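Naming follows writing order (A, B, C, D and E), and every chain is counted from residue 1.
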Amino acid sequence: MDISTIIGFICGIVFVITSIMMGGRLGLFFDLPSVMITIGGTFASVLISYPLNKFLNSLKSARLVFKTQEFDTGNIIQKIIDLANIARKEGLLALEEAAQSMEDKFLQKGILLIVDGTDPELVRNILETELAFVEGRHKEVQGFWETVASLGPAWGMIGTLIGLINMLDQLNDPSSIGPSMAVALVTTFYGSVLANFISTPIANKLKIRSSEEVLLKEVMIEGLLSIQAGENPRIIEEKLKAFLSPTLRDTVNEKDEGEAKAGE
Amino acid sequence: MDISTIIGFICGIVFVITSIMMGGRLGLFFDLPSVMITIGGTFASVLISYPLNKFLNSLKSARLVFKTQEFDTGNIIQKIIDLANIARKEGLLALEEAAQSMEDKFLQKGILLIVDGTDPELVRNILETELAFVEGRHKEVQGFWETVASLGPAWGMIGTLIGLINMLDQLNDPSSIGPSMAVALVTTFYGSVLANFISTPIANKLKIRSSEEVLLKEVMIEGLLSIQAGENPRIIEEKLKAFLSPTLRDTVNEKDEGEAKAGE
Amino acid sequence: MDISTIIGFICGIVFVITSIMMGGRLGLFFDLPSVMITIGGTFASVLISYPLNKFLNSLKSARLVFKTQEFDTGNIIQKIIDLANIARKEGLLALEEAAQSMEDKFLQKGILLIVDGTDPELVRNILETELAFVEGRHKEVQGFWETVASLGPAWGMIGTLIGLINMLDQLNDPSSIGPSMAVALVTTFYGSVLANFISTPIANKLKIRSSEEVLLKEVMIEGLLSIQAGENPRIIEEKLKAFLSPTLRDTVNEKDEGEAKAGE
Amino acid sequence: MDISTIIGFICGIVFVITSIMMGGRLGLFFDLPSVMITIGGTFASVLISYPLNKFLNSLKSARLVFKTQEFDTGNIIQKIIDLANIARKEGLLALEEAAQSMEDKFLQKGILLIVDGTDPELVRNILETELAFVEGRHKEVQGFWETVASLGPAWGMIGTLIGLINMLDQLNDPSSIGPSMAVALVTTFYGSVLANFISTPIANKLKIRSSEEVLLKEVMIEGLLSIQAGENPRIIEEKLKAFLSPTLRDTVNEKDEGEAKAGE
Amino acid sequence: MDISTIIGFICGIVFVITSIMMGGRLGLFFDLPSVMITIGGTFASVLISYPLNKFLNSLKSARLVFKTQEFDTGNIIQKIIDLANIARKEGLLALEEAAQSMEDKFLQKGILLIVDGTDPELVRNILETELAFVEGRHKEVQGFWETVASLGPAWGMIGTLIGLINMLDQLNDPSSIGPSMAVALVTTFYGSVLANFISTPIANKLKIRSSEEVLLKEVMIEGLLSIQAGENPRIIEEKLKAFLSPTLRDTVNEKDEGEAKAGE
């Protein structure tokens, strides 16, 4: 579970509800016709924008925001150094066995390409193409939520315009102006909450997750090519640690103190 | 028929009409002078922006949004692998026959260039230039709809300003203020719907379609050059599958299980 | 004459005037002090933004929007293929004569550089530098109109603020509020029309014209270098036609059916 | 202490408080429920946007804005020239001792890589990767404050909408309209101050600091590689001074007048 | 003196003052507390954004906008061709004397590097690094004025919010509403004028000046390297003139008619 997402959602909901109840009644802010025009209208526009399968995939991607997805770069660097040591001592073919137990599909594929004796240029080419498309798919999902974030307030305004025009046309009863305008503004409120509390933050967190995953895969590509080139494990470690922040770097140091030296 | 476009348009229209009728009368929202200044003004500005032939072409492109346009990348990769097998067994010249029955003009052109013995650098040059211009023309059409999306609300506001100024000048009869303002706001409503329900979603879907087509053509170029270079069909498959998402990748695997092996 | 520009301007003016006259009197919208603060203020800011010669040049560039400027890429490609045929049969020096009758200065300059036996790298260097600066000057002019488009509404708002502040300060006579606000809003109306009906569409059309001219010059550079390299006219044709849209491509085919074959 | 940050914050606070007290009472602008919805809501959205550790790190980074962080590029260039002189006279290994007393970790690491006899290409690769990630982490923190700056006014508006809707629903007592609207607007005021007085300026200063640090590290990389290549200290000086503004350049000149000559 | 800047400022001030005086009294628009919150608040935020020395430098840079700064590219090209002739006839060392009388520091530095026999790659490296940093410093100053342009209206709105909230809280006296709102709006007026009449135009003109200076220095680098390579002055002229607009090109032609031929 991603703690910050959950704290964020709970706090936001509590703040909004408290804020409403301190000045009025909550029921005023639950208005089904307003939900229909704001949320319904937004998703109608988004449906025109995206093919059905991308629409559903992107909606489902919102789940990811609640799941913790630890990208333990330090751990992966350690694994790559271990592989480099194996390759140095027992030859590239010995990596095949190690690859079997790999959980990460990308790293596994890379090792198998190396074991197959694929040309280094082609290994880089295949892995970078795959990385580019992983990044592209991530961007598409972020784009979906950014589209929702820009269409939400627009449909909120369309709803408010409908309410206002209807109200202005029936100005006979002055006492009804206030409540009518209140209802008209609820769609603007929905649009604003949809954009700034839901879709923009989701797009933001997906973007950060994506950049972490891309960084991890870049480390893997760099490491795999170094292993294939038969570079010294110590140099590989030096190279890969440049990808880490100083704090993370120390965690690798601790772990591999014994092993890295043994591997030389 | 593109299902999501159609569901989107129908839902959107139903939501807007229901929303209007729940609070007032539909007639109020159909106002010919408002159509003239908002839609007419927008297209007047767009006409100044684009030459007549691009204006008409871009308008027509809206049709595409309703048509399904399946870019079956998996299928194309399969075809390229088949071609690679033919080229390996029977030589590059044997591809000429296969090219005759190709539906895709781009792939066909590429094969004919290879059969003609064109220099690989020139083949890449010609195909990439063509791809760049296909992409350029797509961008132009998307740009048209984005221009409409930015000018629509602007002309909606111009219409509302005209209505407001006229109303404010004739403030004699207080009872007419409401209805006059209602009418003045209808143009803002039109501009907002034009931008957020029609032109932005059309531009979005055209953009996604374009990126799918460009990806497909990139796969073709990569594949054609590999065939020309006489690469092993298995390696070509590996290379091209890096362009696919993991789910699509499996569909290729199933299809070519038998064939790919036979081709080695 | 550029038909779409003219239709656009006429339609826009008719729509605005009709829309005004349907709800009020036209005179209300012609207010000299409002013209002064909106148009005058905008051009005061633009004058600070640009040196005087660029200011005047950019203003004059608005004329181009009314002129048709056909960039007949198909025709130019045909001409380059003809030149390639001459060069092949009679040698590069024979191009000097053909260059004399060229209307296009850029193409002529390129041919003369080739005839002079200039180094191919230098020919590309000179022509691409020139193209880059042509594009740069176009961008500057488009930037001018985009500056007008962003400052216009801003000065419209400044005018409205002046009107509003003056009106609010003299709230003694309630009957004057309406007409005063009407006048105050006229500047916002001017700013909006200046931006969305005049300067943005002018900037847009200049941008499209520029991209067409740049494309044409890119075709020329590619063609000239191919001629200098002594490439086969048929291959040159294939290369240059990749720059065209499929429809334009056919027009070249028709024209050169006889000639191209003869040139081999 | 960074003087401009402190002057800026003090002046801004004084101006806002004076401005409030000149026209009303300060208490009106301190409203706990408004703080909750604006600041609370903003940070709820930001919490969903960022993982918890990045959220806390970025918040802490605000401290940096108060600290002076002199990037004395002139001084670093001087140090590099000194190192170049040592390397020339006593060999690369003599740099190890000098590296011990270095305060700057980045420079120290670079020297140690050189002393270890690492391949120049790899030295550049490692240092540039590290620099790219330093820059990436800076961008992330700036992005955090820009996110706050865009969500702050949005939540201010959500707060105002809640206040407005509640007020409009209870229009019975006309005398309460004014004060209710006043309170509703306080959240917009908070959002605007949060964005334009706090988060945008913080993001701006972090950006300038980052670009200064990146420049310094670029100078270091350039200098280290020149030392490794055994270039003449005078040429290294010439190369590195091109990174400085003319005024800073003179300060280097003064300092090294004697030394640089001695080093030749 | 830069005529367009001065005409622009005078016209703008005249238009604003005339516009104010036609509808009200000028005194209403001079309000010290409003100046304090808008201008003061803006500069408080800008002070937090920039270190003190950059803040002061950028403020001073506004002077440049009033000074004419002719970048006579045609003249510089002529000078470079003269230098090329000297170098051809009397050798590179003869340039040292010519460099003494150069006014332009950049050109002078370049010649001295050539005379010193510096490696061409290093000459390009040093001059391009210096150019990149000149451009960087220009961008920083433009960024300062763009920051002012974005913060000005924001603080104008903060001022108006303070005024509005205070006014709404004291709605007892209906006759005071108008004048109070008038005063509240004055800060929005200030913010808008600051952004659209002062800081945006200053940023624009600084940008154009910068691009002219950068172009000039690019011509110098290209010319210096050609001189060092011992290229024919006629070819150098051809190369450099590609950087000019057709009109400027003719002015060079006239001047060097005699000299260029003599130099061959």
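Keep in mind that, in the parts below, contacts are C-beta pairs under 8 Å (C-beta built on N, C-alpha and C of every residue); 3 or more make two chains touch, one makes a residue touch a chain.
These numbers come from a predicted model, not from an experiment.
Touch-path distance (fewest steps) from chain A to chain C is 2. Superposing chain B on chain E by their CA atoms means rotating through 145 degrees, a value rounded to the nearest 5. Between the Cα centres of chain C and chain E there is a gap of 25 Å. We define each chain's centre as the mean of its Cα atoms; on that basis chain B and chain D are separated by 41 Å.
Chain contact topology: the protein chains form a single closed ring, every chain touching exactly two others. Moving round the ring of chains, first from chain D across to chain E, one meets them in the order D, E, C, B, A. Those residues of chain E whose C-beta lies close enough to touch chain C in the complex are 2-5, 7-9, 11-12, 15-16, 18-20, 22-25, 28-29, 65, 175, 177-179, 181-182, 185-186, 188-189, 192-193, 195-197, 200-202, 204-205, 208, 235, 238-239, 242-246.
Only residues 33, 36-37, 40-41, 43-52, 54-55, 105, 113, 118, 122, 125-127, 129-130, 133, 137, 140, 147, 151, 154-155, 157-159, 161-171 of chain E touch chain D when the two sit together in their complex.
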